[in-house]
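The structures considered in this document are given below.
Two complexes, one shared chain (chain A), two partners (chain B, chain C).
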Partner chain A sequence: MSAAPRPGRSGLALGLVLTGLLAGAAVLSLVWTPYDPAAQDIGRRLLPPSAAHLLGTDHFGRDVLSMVMAGARASLGVALAATAIGLGVGAPLGLLAASRRDGVVDEAVMRVNDIVFAFPALVLAILLAAVFGPGAAGAIVAIGLFNVPVFARLTRAGALGQWSRDYVSAARAAGRSDLAISIEHIAPNLAGLLIVQAAIQAALGVGAEAGLSYVGLGVQPPSPSWGRMLNDAQTLAGTAPWLAVFPGLAIALSVLGLSLLGEGLRDRLDPAWERRP
Partner chain B sequence: MTAPLLSIENLSLRLDGRDILRSVSLTLAPGRVLGLVGESGSGKSMTALAVLGLAPPGATATGRVLLDGEDLLQAGERRMRSVRGGDVGLVFQEPMTALDPLQTIGDQVAEAVRLHRGASRAEARRAAAAMLERVGLPAARFPLSRHPHELSGGQRQRVAIAAAMAAGPRLLIADEPTTALDVTTQARILDLLRQVTREDGVGLILISHDLAVVADLADDIAILKDGEVVEAGETLSLFRELRHPYSRALVEASALRPRPPPGTASRTVDAPPLLEAAGLIREHNGARRLWGPARPFRAVDGVDLTLHAGERVGLVGESGSGKSTLLRALLALDDIQGGAVRLDGRRFERRRAPADLRRKIQVVFQDPYGSFDPRWKVADLIAEPLRLSPDAPIGAARRRRVEAMLEQVGLKPADADRRPHAFSGGQRQRIAIARALIVEPQILALDEAVSALDVRVRAQILSLLDDLSERLGLAYLFVTHDLSVVRAATDRLLVMQNGKVVETGETAAVFAAPRHPYTRTLLAATPDLERALAARAAQVAL
Partner chain C sequence: MNQRPLRIGGRVLALAVAAVLTVLAAVAGGSGALAAAKDDLTLGAQLEPPNLDPTLGASVATDEVVYANVFEGLVRIGPDGGVRPGLAESWDISPDGLIYVFHLRRSVRFHDGAPFDAATAKFALDRARAPTSPNAQRPQLAAVRAVEAVDPATLRVTLSRPDGGLLDVLGWGGLVMVAPNSIAGAAARPVGTGPFRFAGWRRGDSIVLTRNPDYWGRPAPLARVTFKFISDPTAALAALKAGDVDAFPYFPAPESLAQLKSDPRFKVTVGATEGETLMAMNQRRPPLNDLRVRRALSYAIDRKAVIEGAMFGYGEPIGSHFSPRDPGYVDLTGRYPHDPARARALLAEAGYRDGLSLTMKLPPTGYARRSGEILAAQLAQVGVRVRLENLEWAQWLEQVFKNHQYDLTVVSHTEPKDYDIYGRPDYYFGYESPPVRALLAQLDATREPPERLRLLGLIQRQIADDAVNGFLFEFPKLGVWRADLDGLWTDAPIEVNDLTQVRFRGAAAAGAAPSAAAPILVVAAGGAAALAAAALVGLALFRAGPAYAGRRLAILVLTLLGASLVVFAVTEIAPGDPASFMMGLNANPQGLASLRAELDLDQPAPARYLAWLAGMAHGDFGLSYTYRTPVADLILERLQVSLPLALYALALAAAFAFPAAVVAAANHRRTVDRAIGGLTQLGVAAPNFWLAMLLVLVFAVGLHWTSAGGFPGWREGLWPGLKALTLPAIALAAPQAAVLTRVLRAALVDTLSQDYMRTARARGLSRLQALWRHGLPNALVPTLTVLGLQISFLLAGGVIIETVFFLPGLGRLVFQAIAQRDLIVVQGVVMTLVLAVAVTNFVVDLAYGLVDPRLRGDRR
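And then the complex of A and B:
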């Protein structure tokens, strides 16, 4: 049934393009931006978009395009690092919880997860900022910590489903240890599931980073960040709407792109598709 | 002959440039039963879906499907909605998924009445109660407020039949209605289908892979292969003549020959048994109670079992009898709560299963699709148990060993580089057998290993197993619900019911003279082609 349309194809393409733009802007900003994103030029403040400043300038005369590009680096960096923490800690915990059928480890792992899950992220971020001073590291830890139970639960649920499959019984009859089965059989079969969730958590991370920066708990000046750009823009929204529109669009398109990428990847990675002739 | 109720003329179905159905022509008179038989992929279910206008999107149907003269292929979607469930009732294979788990059984049956007969709520409820009573679920014992999960599989299938019949259809299509049920339940559901359709003068299309079931119920039969009707006709004369070679092959493959009783010389009863279970108990955690600990459910309750080298033992029982649970305990996959398992004289349990013991017993599971990691290549799948061997070959030697195994089970060495999804169900079972045999076990356990296969493939796998046991001197432990397989493949059998072994003995002797009432019920309920045809002939003679 090769002619049946594969859902998510066009979504995957759009997701790849948007995520590619985001990543491209972030990488490019390391070596080149049209202007120095931190350079102030009061004489050229609050200029609307033009050939010289494609996205206009802000109240200090900084180039908005340069700031959006540099902001991509902060957003993506925080989001990816936080997702990596969640995946790196949560997935092994989930695998462990599912592999121990005696229930004690399972209960312990999942109850700790519940406690973390129940703790408000923003409060933790404020706490971290109060103790260590606000900054990107605090944002990464706060967002990352809340990614852990997401991945742990998902991994455990997926792994429990796999443990009841015959191929796992066959591997056990072949004398494989629970650890070997978890690593060699279960984890690869959950890869699709986890990649999808990783993309979605990265999307949420971009949003969360913007939120934390907006309230001043994220990336600190002079590093530009979309959230703080929005905060700066709100008093000027009437006179200089581009200051709010472009970072807002950047956040929305990044979240959309990562989400579409996740969904599209799931459809491509799902082994059910491979079964089709 | 009365005017046909349903007349399918030259029905063809194309999907993605492939012919799913090729010029299928069938007729069904009111009150008669038409059996559609074929292997998986033969197009028997697709024929039913095409009749209902439910062919997959993108498929183009040509020909005519006349229901009382009305061409359903030309009918619009609006008309077809009233045909489905109204003029034509449907019963599916899986009674668990065919019913809405959140709706009461009364509502599900009443819904069909309200939708298609325009009855009021109260009328529909009365009609539903009457219909459920007719299918053997009287409201006194089975209130309309029951939900599907409170019923057994057979009872759920009764609800599905009641829902399909409630709107007063002219035609009922039953797609493998008893395949998911135990044999004793199957017999009762088949009786029920026969009775309700006869009483209401409804035409019945019975789709099944099981020749014996169809021969028992159907007046006329059509045998399908690759989307074509290869042979069709009145049941008795069709089976007597079997003009088409494919029909003959199908009948031959489904009639498994009983295994000759083993000669006394081959018995090795004096030797200590290879595998021995004594007083084996296996408990599951039962339903959790609100207060206090869960009450354990005893799935295997004090079972004794022995298996000698080279012996073939069958373990028979219906679903829930504990046979698969017992097998998992024997394979040291699960903890046991009492008794002991000894393999080659040594304790063999989940927490003490040394590699040298584990390699003596290997297993083939039922589901040819679920028993392989879909991401692994065949070569790696087959080689996985090799880690149990102390001198496991590596590199090129390992590859040669895998290829030799593949050839031994009738596959090609080149198949080692493919992934399991590239193979058919029968080929996958061959791969599973290769995987089990690569460590040269002395016992091969087969958990419903041929149950999911088409009859011709089943016959091939059984003859492969015969062949392997002679060459390798293997002992087999067949766990199955299918008595014909046990009869064809084992020397000795154990019958399980509710976690206990109720009868044991030599296979031929048990089949000739079953002692336990449950065994007798099982034997009587097992569909048998010869018996069905004899009964049909006797009916005609009257």
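And then the complex of A and C:
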């Protein structure tokens, strides 16, 4: 299958720049923001963008730029943690499924995958919020669980390909156990594939976190969050449209950056790799 | 893979089109509302009453429904706060102020036909002042020594000491006239003497009253009143704009008032209430039992900023617990000016030099949540770290009001003249002050107005000196209603909705006809989907052999079983007992036991799981804990919105993706291709709810082409419904259209190198024509998976889009259910979505098996 328009070097470069901006804002916000993102100044509320407040102020007089910067932390944090869960649980499951010849484990893993796959991340988050109350932890677990089958399937497919290679046969002949082969030989060969997928899942995670926070199931106040900023902006959108524009732009650019990064890396690592939508 | 895929693709498409057409036809068939003179009113209210017996407790929400409408007192309070005759036509007071003689109206009957006379009045008053009575007005009847029925139309009330406030109190909600034969059931079926009768209650949704044709006085102009409960301020705005409610007399969203004022459809009023809004401090536990800490917090509060930020400038600052409308009011707002330095000094003096941490538990009202965020920031400036905790009302009542488990909270005290709560150490903020109690006792014994005012002043000062609470502002009464509606109160001397004089000017607008389209629509859609699925299964069996189809079916069943187990197990470990949550403050052991039995909660978990599973197998999802209606009905009702929305979005996504992908592929690697590629990249990245907000900004707020949200229902006809769903469908479709375009384009580019394409080009077809005629049918194969998966994404993703547009779909149902801990509804909705995803996967797998023989590994 041939490619969608190849983002090529420019796509990868843009992805790197946008992802760098996202990570930079998140890190920088730890030590510096133009204003304290939590500091309210009711007298200066709902100000449109100006030199003093580049992105304006919200209904409590907080500086939107500072909140967007601090919000990058929540977004990136939740997305990375969720990706780590997906990778940490999914990849070993995929390796295990591929390493056992009898197919019983394979079948079991794939059926569990089917079950998890039947829950859209949002639905899972709703369920968790209903039970444990809303919060960042619930969002991480929900998005993370959604990531598990993705990594499991990918790892399994990749590992099955590796098992038929000669060097694996050689290792088996040398008496190495399936487990040892999986860890020593197969996993390193899948690293590139998994890194690429991790970037793409992180992109999805940023979007999912925003959605969950928007409906009140994600990061809770007073921690700044892009999704909740958009929710707060909703009744004020008529009078203060900048409140609705900038957090959304931040989300869109972050998702775009991470997915361009992932796709660009995929092209670099393996030009022949089948492109996915 | 020659012609075969083409035929299958064609069949699937035809079936899909048929399904959509059936739905649309059903919608159209169910439309056609009846036009009628407007004498039914739908009134929005933020709080649903826990019960409808106003003599039971202190719920303002109960009075808002029944006061003056269903129940009447001997006297009543008018819109100006003055006392007016009620069931007593007139009264005489003895010169010493100790004997009140009421002359009652004759031939007054309760809604059940029981007569009202002096004996009934004696019963009602004696019942309210009995030592065990939970009546909110019992403390104010302390001066009453005896109530006697002199004759059927004359009631004598004798006092042990003069009480200047007695007539006012008799007009309040708790002292309405109730009959001995009907009062026991009044919590669920109130029976009064008023101009409206209770007609029905859909818990969690609405209460209906109808005109009482046998009313003793002038009958009410309105024939029917529906109280609709909408707790979310943004949803309240949407409900007004969408015409779901005609009036919101206590409008909870001050931020939207400016927007509504400029809308000629509405009348906006700003009046006064008796609601002192406080940052209450729990004095039962340290550190807030320390006067210096409380004073420090009082100095830390900037009232002006709270009123500006939380109420958008509406609301009058107060310095003690007293209404500025009252003649006895003393302005104490200068007692604790905003002074962070003094606050820090006082904290240091109290031993909190390094600051302290407190928890603020907030009820679910907009003003409380916003005030809480502002107060937390203000307190942080003096070194007090505040952890905000947002609660639902039932939790707030349980934890804060009843069990004193909190440090700070924000709440408005709406009862008039309620300073007596500062004489009750058992009250939730736990203020214990002998001087104030002595002053309150002295006040009770005093009749001369000047002396009463002096005492009231002393009480206000003492409360302020003791910094009992952070006194914020007097709550404004913000009312919004249709411009053609007359007779609602502007001020709220007591928090009620007196509907006796309310009427619509002229006979315009159509009345709401019950929707007949609803069930037809869902049945039709479900039927079409089932038909399509059955056809596929049949085809698959025929073409792929039973082994393949059987294996896919087994996987489907296994997946559903596993998912149901997960859903059940997760909700099983949820903390809290649904039964005690439902009963709230009225919980008692016997009631709980019987409710648990009624809900089958007393069964062991495996038995309940099997029962739930067995029920679902034949469409019974159980009974909603809060609504007390079948969950399946609730879901079906909401599917009327969610399903058409998903199908509409799917149609839009396909309508964009097919031409775009063909054009992109035809211009492979040229500028057009790259442009479409970039656009789809953006489409995938932009979150759909953000896109939705931007669409609202441009098309609803900017251009006024469409309303900003809400759903008129299908009863108004096909067009208004589709119009309301258009922006949501576009927002929902955009990312899916982008994904579909990318997949389809890749598949089309693939076909470019195929032999049949070369043949077609050789026959003289242009690249575009060749792609459209020959490439597209073959490219459908890999697209099928994506297309199928999108149906489930669209159903689940719609949950968020519904929130943006305030559509009454599955999303709103499930979020409401979460707030009310109605776990069985959450279970039902989640299983419905899981079912949709799993069945779609199954169908797609089957279709794949049909199309690609290599996948049918079992048939060799």
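Operating definition for what follows: the second predicted complex is superposed on the first by the 262 of 277 C-alpha atoms of A that agree within 3 Å, B and C clash if a C-alpha of one lies under 4 Å from a C-alpha of the other, contacts with A are read in each partner's own complex, and residues count from 1 in each chain.
Throughout what follows, contacts are C-beta pairs under 8 Å (C-beta built on N, C-alpha and C of every residue); 3 or more make two chains touch, one makes a residue touch a chain.
Quick caveat: nothing in here was measured; it's all calculated off a predicted structure.
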item	value
Chain B versus chain C as contact partner of A:Leu54, first or second or both or neither	neither
Contact breadth on chain A, by residue count: chain C or chain B	C
Which superposed partner A:Pro120 touches (first chain B, second chain C, both, neither)	second
Which of chain B and chain C A:Gly211 touches, first, second, both or neither	second
Partner chain(s) touched by A:Tyr167 [first = chain B, second = chain C, both, neither]	first
Touching partner for A:Gly175 - first (chain B), second (chain C), both, neither	first
First (chain B), second (chain C), both or neither touched by A:His185	first
Residues of chain A that lie at the interface with chain B and also at the interface with chain C	1-4, 275
In the complex, chain A residues that touch chain C	1-5, 7, 38-40, 42-43, 45, 59-61, 111-112, 114-115, 117-120, 122-123, 126-132, 203, 207, 210-211, 214-216, 220-222, 230, 233-239, 241, 244-245, 247-248, 251-253, 255-256, 259-260, 275, 277
Contact footprint of chain B on chain A as seen in their complex	1-4, 165-167, 169-176, 185, 188-189, 271, 274-275
Parts of chain C lying in touch with chain A, wherever the complex brings them together	233-234, 237, 253, 255-256, 258-259, 302, 304-305, 308-309, 373-374, 376-378, 380, 388, 390, 555, 558-560, 562-563, 566-567, 570-571, 573-575, 664, 669, 673-674, 676-678, 681-682, 684-687, 689-690, 693-694, 696-697, 701, 739, 742-743, 745-747, 749-750, 786, 792-793, 796-797, 799-800, 803-804, 811, 814-815, 817-818, 821, 823, 826, 829-830, 833-834, 837-838, 841
Chain B residues within the chain A interface of the complex	15-16, 56-58, 328, 331, 333, 353, 355, 358-359, 361-363, 365-367, 370-375, 384-385, 387-388, 419, 421, 432, 435, 439
